[in-house]
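Down below are the structures I want you to see.
Two complexes, one shared chain (chain A), two partners (chain B, chain C).
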Partner chain A sequence: MNVRFGVTFGGCVIATLLGASEAAAAEPRTPFPAHAALDAVGGSPAKGAYVLSAQGGWPFSFLRAQVGLSDRITLQSELESAVGRRYRPMLGIGVRLAEATHVRLTGEFLAGWLFQRSEEYRRGPNGELRFRLAIPVRRFVPYLVLGTRHAFLPDLLTIERASGTETSWSLRHEWTPWATLGLGFAISRGIGLDLGINYGWVGAPDTIALPGVHLGLHFGGDR
Partner chain B sequence: MSRARFVFAGALGVVLAGCVNEETRLYEIELDGKVAVPDGAPSAGAVHLAFHVAKTFGEGDLEHPLGVFETRTVAGVGPVRETVLYPLDEGEGLVVYGWLDSDGDGVHCAPGQTEEPAGLVKVAGFPAHALSFSLTLRAPCVGPESLYP
Partner chain C sequence: MKRRFGKAPLALVSALALSALVSLDVGCGAPPRGVDWNGKRLPAIDMHLHPGDWDHVPEDTRKFLASRFPFPIGLDAEAAAKGSLLPESILGEIDDAGIWGAGLFAIYAPRTVGVASNELVAEDLTFAPDRFFGLASLRVDRWTTDRDAELDRLKSTLSRPGFVGIKLAHAHQHFRMDDPAFFPIYEVGASLGKPLYLHTGTSPFPGTSQEPAYTDPTYLETAIQQFPAATFILGHLGYDFEQKRHAGLETCIRLAKTYPNVFLEPSALGSASSDPTGANLKEAMRRMREAGITDRVVYGSDGPQSPGFVKGYLERTVAAMKDAGYTEQEAAAVLAGNFARVFGVTVPAEAAE
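Presenting the complex of A and B:
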């Protein structure tokens, strides 16, 4: 099973690289002014442009859609999964904070809900503030994401007294600092890849976290 | 209630029910008891009480007797009146364990101190909001696991 997966994966990588080299040979050496890989990993596609991303890995995987509402403002939706047990559907906006030939800085704010089914249930409203720094160099886009996530987990306490039953709610806070370091690659203006290392410290500082990795495929258009 | 309000209330209920992480159910019990030592035995010192569920819920081999949920310290032997919150989802039955801190060090027995008496009683009538018990401390240096079941 693993061998078959490895052969298939290797074939995909080779085909991708061959396709990329053919594309590189066919296109002029001038870098793309904007491409799906940059919009995906750097955030904030231009007005009318969109990018769809699928990033699979361990322990985190992502589906993300971004649409440029203006040249600075982006609407985005994201679904994150951690090993199929923890899901985070989110909706938010991205703001292009800085743009230069070789730099793009984006701030993003997302809000949504957290669902976790495991030994410990975790459910509640969830928000994230993060910044994306991308440095496009021709087809390559090294990028860094730094974020802070906050989930609020409601607990219910019921006390049965002789005089009656009292019910009260309380909120626990779950903090997840986040960092991703990765490299995007533009196969063409509309198709890109990225490979990244994620460090999501769920429940910091009371827990420990292991780094993870993801491989992403991105499609974009209308720019 | 209008139909719109009914739908809103229903939706709110579903959302709230769907976001509970931990639900803790406690049962308040007023315990009226008496702690004593056998006639003639030393009785000076504070008494440390531990309130246990008689049987802790678990699956298979994880099910076991006893499970402390509250502890108290009272001034000495004699009448005791305590209010405890019993965790309904952790077990069943109520057990009170106590020991006499003869030397006042807060530690139940130690090298050189082997005479601190302990005792245990299973409270009859549980569950009820008002219960009574009588606890006699007669077994020196014994933990609750040796006294129950």
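Presenting the complex of A and C:
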């Protein structure tokens, strides 16, 4: 199913790119003052602007929406999936911490819930603090995301004895340091792409995690 | 700018094609057999591999195993485990590691690590009859009523082609190492000339009997004395997998030095999760050499666990031997020679070329 999604998603990206090339030729040459690719990968679109992102990859895929509440503050929601077995719906805010011609730094805080369907069910509140550093150069936007995620997983233990049933709750902490290194590309002011390498060390430091990749498509507007 | 922009779709298609290509297995043939030891290739046999049936693994143990897979493989542990436990996968893993032969363990521990039946192992042996060697096991959880039937079944299994030994795990099967009620199992091993592999040390698996009588190799000494014709291979060197430290190493070395029917096997204790710094495996290999018992050490990994584990464990062990100053003859004995001698197996020339 994930493979099929990936193929379909990739096809959409190619079709969009090919279809957009003619329209894009009419766009102003460069640089864009702000564009969907920059807002998506660098975060914090300006007041009234929005950007919708779909990033498909392995093991993580994302759907993300951001809307600028002011020139510095952004409301955002995000749904992350890991191979269709682990989901994180999140809601949060982004704050533009710094911006210059070729730099945008954004801090983001999100909170939500973790659902994992596997041999071990994991469910619980989840929060993330992350920073996005984007360096727009013409249509290209190299970017880096560094984050720290924390999930709190409640466990209910029930012991049935002849003398009665005992129940007790315990709480586990799951830490996930996160890093993404990628490159965004503006097809037009309203349409962008990105390609990135992700490393989410789920359950650090007691686990081993494999790195992943994603390809993203971004739409923005209302500036 | 316009020209550059026109090439973007082509660049993207190329990138997609490249990513598709790198996801394909385009190996350039199997790696050479054997272990490189100062330019010479030494044959290797991994005596400790687990085929299995995921459906017969208890729920808590499935969770434990899933947690050992790298993320995100563990999210679908069933698919990963089912794949890695198949005989073709095991053969692929040992081929990747350059290993020629492998011992496949049956196990009957329904409350801890699960069941891999003698029948399953017998079927798997047919996949590579020249390179797979079976170790049979038996149920001991209804010993008072089923003892004779279980012993008969064990003898019958050991008479089948490819079965070279017996596998027991007191801690997982919940019977004391010094309980004479179970000594008839050692008697079977002695009378049929089939070496017994015994798990020693604690275990990370849920439901294990961790008390010393089930884990401390000291408790085996009575049986070792009483059955001099039986060969005892003490697996994991009495390692404490809970605290990730040596616990029974010196006892194992003493038993091997004292009794000629005792051999040692250093599997699992040197894995990345059980020995994060690699110091404990190095210490074990060094101590065994210092004690002059390299002719009693039989190599095993306790794989396949996860893809690449079999190869990685061999590399760690070889590095530990080099670090401890093993000679070529000593390394050759540990990697294959001792197994061949103990189990009566002939290692062909193509095992290292």
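Just so it is clear, the second predicted complex is superposed on the first by the 185 of 223 C-alpha atoms of A that agree within 3 Å, B and C clash if a C-alpha of one lies under 4 Å from a C-alpha of the other, contacts with A are read in each partner's own complex, and residues count from 1 in each chain.
Please note the rule applied: contacts are C-beta pairs under 8 Å (C-beta built on N, C-alpha and C of every residue); 3 or more make two chains touch, one makes a residue touch a chain.
No experiment lies behind these values; they were computed from the predicted model shown.
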Inset, instruction - Scan A:133 for contacts with chain B and chain C and give back first, second, both or neither. - result: neither
Legend entry - Partner chain in contact with A:90 - chain B first, chain C second, else both or neither: neither
Inset, instruction - Tell me which partner A:161 touches in the superposition: chain B (first), chain C (second), both or neither. - result: first
Inset, instruction - May I ask you to decide whether A:203 touches chain B, chain C, both, or neither, giving the answer as first, second, both or neither? - result: second
Inset, instruction - Could you say whether A:153 touches chain B, chain C, both of them, or neither, answering first, second, both or neither? - result: first
Inset, instruction - Could you look at A:186 and tell me whether it touches chain B, chain C, both or neither (first, second, both, neither)? - result: neither
Inset, instruction - Share the list of chain A residues that count as touching for chain B in one structure and for chain C in the other. - result: none
Legend entry - In the complex with chain B, residue positions of chain A that touch it: 121-125, 153-162, 172
Legend entry - Residues of chain C that touch chain A when the two form their complex: 1-2, 5-6, 8-9, 12-13, 15-16, 19, 59, 62-63, 65-67, 70-78, 272
Legend entry - chain C partner contacts - residues on chain A that touch it in the complex: 10, 13-14, 17-18, 21, 24-25, 29-30, 59, 82-83, 85-86, 116, 118-120, 139, 185, 187, 193, 195, 200-203, 207-210, 213, 215
Legend entry - Complex interface listing, chain B residues touching chain A: 16, 18-28, 30, 85, 88, 129-130
